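As written, the chain order gives the labels A, B, C, D, E and F, with residue 1 at the start of each chain.
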Amino acid sequence: MLHTVNKSSFERNSLQSCLNAIDDSSVILLIEDGVISAANNANSSMLAELATQGRVFALQGDIDARGISSKVADNIKLVDYAGFVDLVVEHGTAVSWV
Amino acid sequence: MLHTVNKSSFERNSLQSCLNAIDDSSVILLIEDGVISAANNANSSMLAELATQGRVFALQGDIDARGISSKVADNIKLVDYAGFVDLVVEHGTAVSWV
Amino acid sequence: MKISIQINEGPYQHQASDTAYQFAKAAIAKGHEIFRVFFYHDGVDNASRFTVPPQDDRNVVNNWASLDIKNADGEPELVVCVAAALRRGMLDEGEADKNGIDGNNIHPAFRISGLGQLIEAGIQSDRLVVFGD
Amino acid sequence: MKISIQINEGPYQHQASDTAYQFAKAAIAKGHEIFRVFFYHDGVDNASRFTVPPQDDRNVVNNWASLDIKNADGEPELVVCVAAALRRGMLDEGEADKNGIDGNNIHPAFRISGLGQLIEAGIQSDRLVVFGD
Amino acid sequence: MSTKKFMYLNRRAPYGTVYALESLEVVLIAAAFDQDVSLAFMDDGVYQLVEGQNTDGIGMKNFSKTFHALGDYDINQFFVSAESLTERGLSADDLMPLVWEDEDDDWAEKPSVKVVSNVELSKLMSEQDVCLSF
Amino acid sequence: MSTKKFMYLNRRAPYGTVYALESLEVVLIAAAFDQDVSLAFMDDGVYQLVEGQNTDGIGMKNFSKTFHALGDYDINQFFVSAESLTERGLSADDLMPLVWEDEDDDWAEKPSVKVVSNVELSKLMSEQDVCLSF
């Protein structure tokens, strides 16, 4: 599955809820204000662990818009909208943590 | 001052931010989904402490709508919309933690 | 006391407009003056005369209109921000004509004006209360 | 692959509609079919032909219209939920007439229909992606 | 049409936003499509099912009673996060007693609500074809 | 008209929602009213001031440069929560170098941004006549 999170984990509980309900084969894509959680200050060790496994993606355009491209944490893979489409195609059912 | 909080502290950081920025003479009014933080499971000891000082209010109508009237924590004062108006009049500048 | 209100969200999606309406009604009942209600952001959508809510639900736009908030010159003090309104497709006849749009949708109990009206409300009122998401 | 999209928020207030548009454009560029875009909740406000955004900003409604998403019968597959639309003052000519409203504001690239169209999109598409607040 | 597994994911409290009400409107329509439908309630979404909601004081429609009607439309899979309940000081006893009648078991009345762990929810979610979020 | 103290409270990241942009539009208008204006940035609102925003990839207008113009309108009191910065791994060096020219000091260029503690913010807030939240 593909889980998308579009809100900052500082503002809302959606990333944490997603992490609580994610299975071993799912990947996470951070979009919109959700990319704030991709910065290396991201306060979730579980997200970092998933990133190490290559299971965390973030939208490059949203990162750049918020001026945090130099702060992206290790192992988070950046994608453009075409990459977003590929993730949707490859990972089956999409769940949006809106 | 009067601080209003309209979001659940489970969902958002607005109550916590309000508590971080409140001075000794201010009061808090919980409205809309903010009343969820008035239930006795409310996860903030600081809110409980302010309630003990008589500085925490909640909108009765919003509490009833969410079916949690039997769970309201001690010392939280329930008001109707007329009471909301009185709080605005009595406490000077209003800050909304939207 | 003179009280003004800022509303940041449209009808139905968020409770903000409902709460603000109940607050305004209660303030008037207590003898206070609602100097101005300023609709900003998606709040501008509260002014649409096109809304047709289900019969068993409240009509948010008519609720506001029923408060009949006007100034001494008889102008509505339910004020819709023009910049926010244009972005979101809320138009009166004047703005529709000016922008070549073939229709308009503002309820007559509201008027469109500039952001200065929000600042002025803050200056002229004893209190300004914000309702939003 | 057949992909459908659900949009829960209106234009400008939230990025949801912008992201969904960029996603749809990229999917089409990659050779996928956008089976349907379903506008629900405040998402219905993306279909207003009355919007007049500032000249230096994007036009969200025209962006959607430019994708020209239609089915084999030539009908738009930018579908606006009728129940959500009526509540929020988004009307086509038929709904305006039926409800005695003196105007309509749906852009011709969109059509109003029922919630069944969302379920059908879920059934007929390989993927359904939700964009919201 | 083929049968797919649809999950409706509800994470917001009722009344503060319209998502709970308009999610219910989708589910009512979905009932006509003969698909495999389940509802998940997590985070503040669990408040949608709390018994005793009374909206007289806020001038909004109380739609919670509509949940009782869903059993008649064969919508009887309500999965509620145990962790979300506990975190909020709620238990299954605080929720509306939603039921459905099992045609295959002499129309016996059975509960629609199942409290499950987040791990179980995660497994259920991974079995879905479509997940609509509100 | 009398002079009042207005504070604009910004708590949201830019671009994900319109609040940051439309807050800036209010502040630009407010400049014409000759009031005492200050801006507070807390929580994700601090991202509004981060240097190097580039919106080419998302098709939205980059309005961050507008902050540089505010000094010319005598809007030069930007209070940024130190705690909010620290929590996000940011420091004052990550923010745009906003300045204003002090007429009373031979037009010396001075910084508009002040990083303050939440306690100081709380004190500033209590001195306001009007607080507009975005």
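Assume a residue touches a chain if its C-beta (ideal position, glycine included) is under 8 Å from a C-beta of that chain, and two chains touch if they have at least 3 such contacts.
Not measured: the values here are computed from a predicted model.
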item: Set of chains adjacent to chain D and to chain F; value: A, C
item: Selected interface, C-E versus B-F, where C-beta contact pairs are more numerous; value: B-F
item: Per Cα centroids, the chain farthest from chain E; value: F
item: From chain A, the most remote chain by mean C-alpha position; value: C
item: Gap in Å, rounded to a whole number, between the CA centres of chain F and chain C; value: 27
item: Centre-to-centre distance between chain D and chain A (centres being mean Cα positions), rounded to whole Å; value: 26
item: Chain B, residues touching no fewer than two other chains; value: 6, 10-11, 13, 32-33, 59, 61, 80, 93-94, 96, 98
item: Per-residue multi-chain contacts in chain C, two or more chains; value: 8, 12-13, 15, 19, 22, 41, 57, 83, 128, 130, 132
item: Residue list for chain F, restricted to those that touch at least two other chains; value: 15-18, 43, 58, 60, 129-131, 133-134
item: Interchain contacts (touch definition) - all pairs; value: A-B, A-D, A-E, A-F, B-C, B-E, B-F, C-D, C-E, C-F, D-E, D-F
item: Chain B contact footprint on chain E (complex, rising order); value: 12-17, 43-44, 47, 50-58, 60, 62, 64, 87-90, 94
item: Sites on chain C touched by chain B in the complex; value: 1, 3, 8, 15-16, 19, 22-23, 25-27, 29-30, 32, 127-133
item: In the complex, chain C residues that touch chain F; value: 6, 8, 40-41, 83-84, 114-116, 118-120, 122-124, 128, 130, 132
item: Interfacial residue positions of chain B with respect to chain A in the complex; value: 10-13
item: Interfacial residue positions of chain F with respect to chain B in the complex; value: 9, 11, 42-43, 83, 118, 121-123, 125-126, 128-131, 133-134
